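Each structure below is given as C-alpha cells.
Both of the next two complexes hold subunit A, though its partner changes from subunit B to subunit C.
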Partner chain A sequence: MNGVVEAAAVSKWYGEVLGLNAFTASFGKGITGLVGPNGAGKSTLFKLLIGQLHSDQGKITLLGEDPWNNVPLKRRLGYCPEQNQLYGWLTGQQFVETLLRLDGMPAASARTEATAALKVVGLSSAAHRPTRGYSRGMRQRAKLAQALAHHPEILILDEPLSGADPAGRVHILRTISDFAKDGGHVLMSTHVLYEIERVTNNIVLIHNGKAIAAGNIHAIRALIDTHPHAVRIETSKPRQLAQALARMEHVVSFEFPVADTLLVRTRKPDAFYKELPQIVSDTKLDVRGLESPDDSLDAVFRYLVG
Partner chain B sequence: MDWTGSFRKAWVVTALTLRYLLTTRRAIATVLLALVPLILTLSLAAARVATFDVMLFQQLMIPLFLQVVLIFVTLVNATALIREEIDDNTLPFLLTRPISKPALVAYKYIGYLVAVLVVLIPPIVVAYGVTEAYGGLAFTTDLDVLGGFLATTILGSATYGALFLFISVLVRRPLAVGLLIGFVWESVVDSIPGDVPKVSVIHYLKTILKDVIAIAINPLGQYRTDVSAGVAAGVLVTVSIALVILAAFVFQQMEFRQKAG
Partner chain C sequence: MSISLPTYSRLEIPLLGRRERVWAIIATGLRREFRRPAAIVVIAIGVAFTTITSIVLVLFASFLLPGQPLNLSFFALPASNGFVLFFVSLMAAIIGSGLIADDLHSMAFTLYLSRPITHLDYLLAKAVILAPLVSMITVLPLVITALVAAFLFPLVFSWGVALQAIGLSVAVGLLLALFNTSVALFLSSLTRRKGLAAAGMFGGNFGLFIPASILASAIGNPNLLYLSPWNDYLAVASAAFGAPGIGIDWPGALAILLGVTVLAALVTYLRMKSVEVITG
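This part shows the complex of A and B:
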C-alpha cells in the first residue's frame, strides 16, 4: 500500500443501509476527483478518512496510517466538510484563527496564517465580518481557508464548489490547483462532473458505495468505448441525414428529440467523426451544429453507472 | 508531552465554549432565570415584607434556586456542549484538529463550568446581600449561609453538568431525559424511604447546606441524612469526575455520521 489513500474492501453500514460496499481504491499523488451522485458513498468515504467513522469491514489508510482516532494524523490533513454551518458568531478571521490555535499554534502565528489563508481564497475583504452573514460561496471559501491554513499534506474537500458563485469557484479551483502544484495532495468530491475536469483528469467514480472506475479520465473513456456514444446534430433535414448515416455499420440508433435535431448513437465515435464530413459533403445536407454529450465527464459517468 | 500546546488548545476550546454559551440566545433565557432569586429578594425588600430575613431567604432559595434555577441552567448549557455541535454540523471542524476527543470533552466541560458559574453566582451573592441589608445586618453576618449556597452552586453545577453532559453523548434527545431526571427524580427522591435519596444530587446538596449553616437559622436542620458535608462534597466531586470520564470514553467511541453521502 503506497498510495495517499488506500481502501481495501471497505464496507460501512448505517443500520440496514450500506454506505460503502467493499470499496476498493488507491488514490495517488496530486488531485483526485471522487465523482458520484448524492448518496453514492462519497461523504462516508471522507468521514472514514478523517476518522469520524470507522469501517465495519476492510482496511482504509490515509498517508499510510489508520485514521480512526489518530490525533497526530490530523496535523497532516485539512478537511472541508460539505455542510455550510460555521460558528456564526465568529468573524472569518476569528474562525480560521481559532481552528489554527487548536493545532497548538501561538496566537500571533495563527493570526498571520489565518490572514494569509483568507487572502488566498479571496476573502480578505470580508475577514472581519461575522460568518453568519456570509453567502454560501463565502462559507465555502472560509471552510477552504481553515482547511489549508495550517499547511497540511492533504486536503479532503467534500463538495467544495457546491453553492459557490462564479467568482468563488474561480478562487476555489485556483487555490486547489496551486496547493497541488506546491506538492500537496487533494481529494475532492463532486456530483457535478465538469467541475472536476477543470482541475484534474484523475478521477474515481463511485456509485452505490462501490468504486466503479478509477484512473485517468482518458483511461476511463476507453472503458466506455464499448458503449454507444451519442452525437447531437442540428440539421434542417434530420430524416434525410439519418438515411445517409445509416450506411455506417457502427451506428446503433437514431432519435429525433426535437425539430431540426438528430441524435445518433455509435459504437465507434472515432470512426464516426472521421466519416461524417465526407457524408455531409456527398449528400450536401445542411448541418448547422454538432455536439456530443459524451465530450463531458457527465456522459462518462452516466454510461458507467447505467 | 507538549504542555504549552495542550494549554493553548484547552484555552481555545474553553474560550470557544464560553463564548458560545454566553453570547448566543440561550444565554438570555438562562441569565433571566438566574436573576429570579435576585428579583424575588428585591421584590420582598421593595414590598417591605416584615418576615423577610435570612431564614426566609433560604426557605425560598432551596426550592427555587437549588431545585429549579440550578437544574434548568445546568441542563440547558451542559446538553448543548456536544449535542448542539453534532446537530449544527460544526463538530467536524474540531474533530479534524490534532486534539483528542476526551480532551475536547474535558475542555468543553471546563468552559461550561465557568459559564454557568458566571451566570449563577453573582445573582445569588447580590440576593444574599440585599437580604442582609434589608435586615440592617452587615454582609458578613451570615457568611455560613452565603458559603453554603456558593458551595452548593459550585458542586451542583459541576455534578449536574457532568450528568447532563454524559446523557447528551448517550442519547439524541438529552433535554427530555434531563428534564425527567432534574425535575421529576430530583424532586421526588427525598420522599422515598431508605437509602434511595443517596442516588440523587439534591440529597448531597441539602446535606451540605444542613451541615455548614448554623442550626438556629437553618431550615434544613431536620433534614434526614447520615453523611457529613465533607463526605457529600467528596461524593459530588467524585461523581462529577467519573461522569466526565465516562462521557469522554463514550465520545471517544462515537461515530459522527451526520449526512451519509
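This part shows the complex of A and C:
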C-alpha cells in the first residue's frame, strides 16, 4: 500500500442505501480522475477521504493515514466540494481568506495568498464581489481557489467543472495541471469522461459504489465513442448557436429542451470541446455554462457491468 | 480564444496555532450576526428594555415596591425581571438556533471541517459567539442598574452594596447565559432547520415555566418548579442576593442548571463528533 489513496473493500451505508460497495482501488501520484454517473459513490468516497464520513467496512488511507477525524492530515489536503459554500455575503477574497485563517495562516499571508489563488483561477476582477452574486462557474473557481490557496499536497475536487463556462473550464483545467506539474496530487471526480481526458490518462470508473475499471483512459474511450455524447449549453441564443455548431461534422443532433438551453449530441466529444471556444469567440454568442448529462456515460457503464 | 494564466507554485507558510484558528471562526460568526438586522434589533431592544425596566425599578422603588428593603436583596428584583426571560429566549432563538443548523444546512460545516479544525474548536467558537451576546441581556442590565443605583442614591445603596450586587449579578447572569448558550447550541445541532431549534428554545424556557408554575400552585407541590429553568434561576438569584425564595431550594436548582448546561454541552460535542456530512 504505497499509493496516494488506498481503498481496500470499503463499504458505506446510508441506512439501507449502499453508498460504496466493497470499493477497492489504488490512486497513484499525479492526477487521477474518478469517473462515474451521479449517485455512483464519488462524493461518498471523497467524504471518506477528507474524514467527514466513516467507513462501515474496509480500510481507506490518504497519504498513508486514516483520514477519519485526522486533524493534522487536513493541513495536507485541499478540498473543493461539489455543492456547498460558506456564506454568500462574503466576497470571493473574504471567502478564501476566511478559510486560510482557519488553517492558521497569519492575516497578512492569508490576504496575499487569497489574492494569488483568485488570480490563478481567473477571479481577480470579481474578488471583491459577494459570492452570492457569482455564477455557478465562478463559485466553482472560488472553491478551487480556497482548496489550493494553502498549498496542499493533494487536491480533492468534487465535480470541479460542473456548470463552468468555457473560459472557466480552461482556467480550472490549467490550474489543476499546473498544480500536478508542481508535484501535487489531484483526485478529481466527474461524470464526464472527456473532462478528465484533458488533464490525465489515469482514471477509475465507479458505478453503484464499486470500482469497475481503472487504468488508461484510451481503452475506455473506444467504448464511449460508440455512444453519442450529450452537451447541454446555456445560452441566450440557442438557435443561433445551433446554427453555428451545425458546421461540425461530428454533431449528430440538436434539441431545445427549455428556454435558453441547447442540447447537442456529438460523436467526437474531444473535437467538440476543442472547437467550441473558437466558434463561441467567432460568433460572439453568450455562453453561460456547459454541462454534460451523464446518459452517454451511463450507456458505457451498463455495457461494462453487463 | 487566447487566455494567459499565471503559474501556480507551492510554498511553505508558517501557520499559527489553535487559538488563532478558533478566533477565525468567531470573527466570521460575529461578522455574520452583526450583518443580520434581526440579530441587531433583538440585541438592541433586549438590552434597552431590560436595562430601562431595571432602572425604573430603582428610581421608583419606594413607590412601586413599598415595603421592599432597599439593600442588597433589592437587586434580586432586576435579576428576576421578566424581560430577561423573554429576551434571553428570543436571542437564543434568533442567534443561537442558527449557529450550527445554518452551517449544516448550507454545508458550510463541510468546509469548516475540511480545515484543521476539531469539533471542539468549532463548538467552542460557536459558544464564544453566543455567550457574550446572551450575557448582554443577563449581565449587562444588572450591572448598569447597580451602578445607576449607587450613583443616584448613594445614601440608600452604598458603593459597597453596589459592588456586591455587581459581582453577584455577573455570577448569576453568567449562569443563565451559559445555560441558554449550551441548550441553544444543543438544539441547533439537532436539526438543519433553525426554526425548529428556535421553537425548542422558546418551548424549553416558556413551555416549562408557565405549566410548572400553574401546576405547582394548583396541586400545592412546589417541587414541580424545579422543572422550569427560569424558576431554577430565580431560586438561585434570590438566594444569591439574600431575597426571599420562590419555594424551592437553591442548591437543587443550581445543580439542575449546571447539570443541564454541562450535559447539553457534552451531548452536543458527542453529536457533532459523530455527525457524518451527507450531501446526497
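The rule is simple: the second predicted complex is superposed on the first by the 215 of 306 C-alpha atoms of A that agree within 3 Å, B and C clash if a C-alpha of one lies under 4 Å from a C-alpha of the other, contacts with A are read in each partner's own complex, and residues count from 1 in each chain.
Here is the rule we use: contacts are C-beta pairs under 8 Å (C-beta built on N, C-alpha and C of every residue); 3 or more make two chains touch, one makes a residue touch a chain.
Note that this is a predicted model, so its numbers are computed, not measured.
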- Taking subunit A as the common reference for superposition, should the pair subunit B and subunit C be classed as clashing or as fitting? clash
- Query: Touch check for A:Arg169: first (subunit B), second (subunit C), both, or neither?
  - Reply: neither
- Comparison of subunit B and subunit C by subunit A residues contacted: C
- If you stack the two complexes on chain A, which partner ends up touching A:Leu148: first (subunit B), second (subunit C), both, or neither? second
- Query: So, does A:His185 touch the first partner subunit B, the second partner subunit C, both, or neither?
  - Reply: neither
- Give one of first, second, both or neither to describe whether A:Lys42 is in contact with subunit B, with subunit C, with both, or with none. first
- Task: Would you sort A:Val17 into first (subunit B), second (subunit C), both or neither based on which partner it touches?
- Result: first
- Considering only touches as defined above, state whether A:Trp89 meets subunit B (first), subunit C (second), both or neither. both
- Message: In the overlaid three-chain picture, which partner chain does A:Ile50 touch, first (subunit B) or second (subunit C), both, or neither?
- Response: both
- Task: Considering only the touch criterion stated at the top, classify A:His207 as touching first (subunit B), second (subunit C), both, or neither.
- Result: neither
- Message: For A:Pro106, using the defined touch cut-off, is the partner it touches subunit B, subunit C, both, or neither? Pick first, second, both or neither.
- Response: both
- Task: Show which residues of subunit A both subunit B and subunit C reach, each in its own complex.
- Result: 14, 43, 47, 50-54, 69, 71-72, 74-75, 77, 79, 81-83, 85-87, 89, 98-99, 101-106, 146
- Message: Could you list, by residue number, the parts of subunit A that touch subunit B in their complex?
- Response: 14, 17, 19, 38-44, 46-47, 50-54, 69, 71-72, 74-75, 77-79, 81-83, 85-87, 89, 98-99, 101-106, 146, 158, 189
- Item | subunit A residues within the subunit C interface of the complex | 14, 43, 47, 50-54, 69, 71-72, 74-75, 77, 79, 81-87, 89, 98-99, 101-106, 109, 113, 119-120, 122, 146, 148, 150-151, 166-167, 170-171, 174-175, 178-179, 182-184, 277-278, 280-281
- Could you pull out which subunit C residues touch subunit A in their complex? 1, 3, 5-18, 20-21, 24-25, 27-28, 32, 35, 106-108, 110-118, 273, 276-280
- Complex contacts: residues of subunit B adjacent to subunit A: 2, 4-6, 8-9, 12-13, 16, 19-20, 23-24, 88-90, 92-101, 252, 255-261
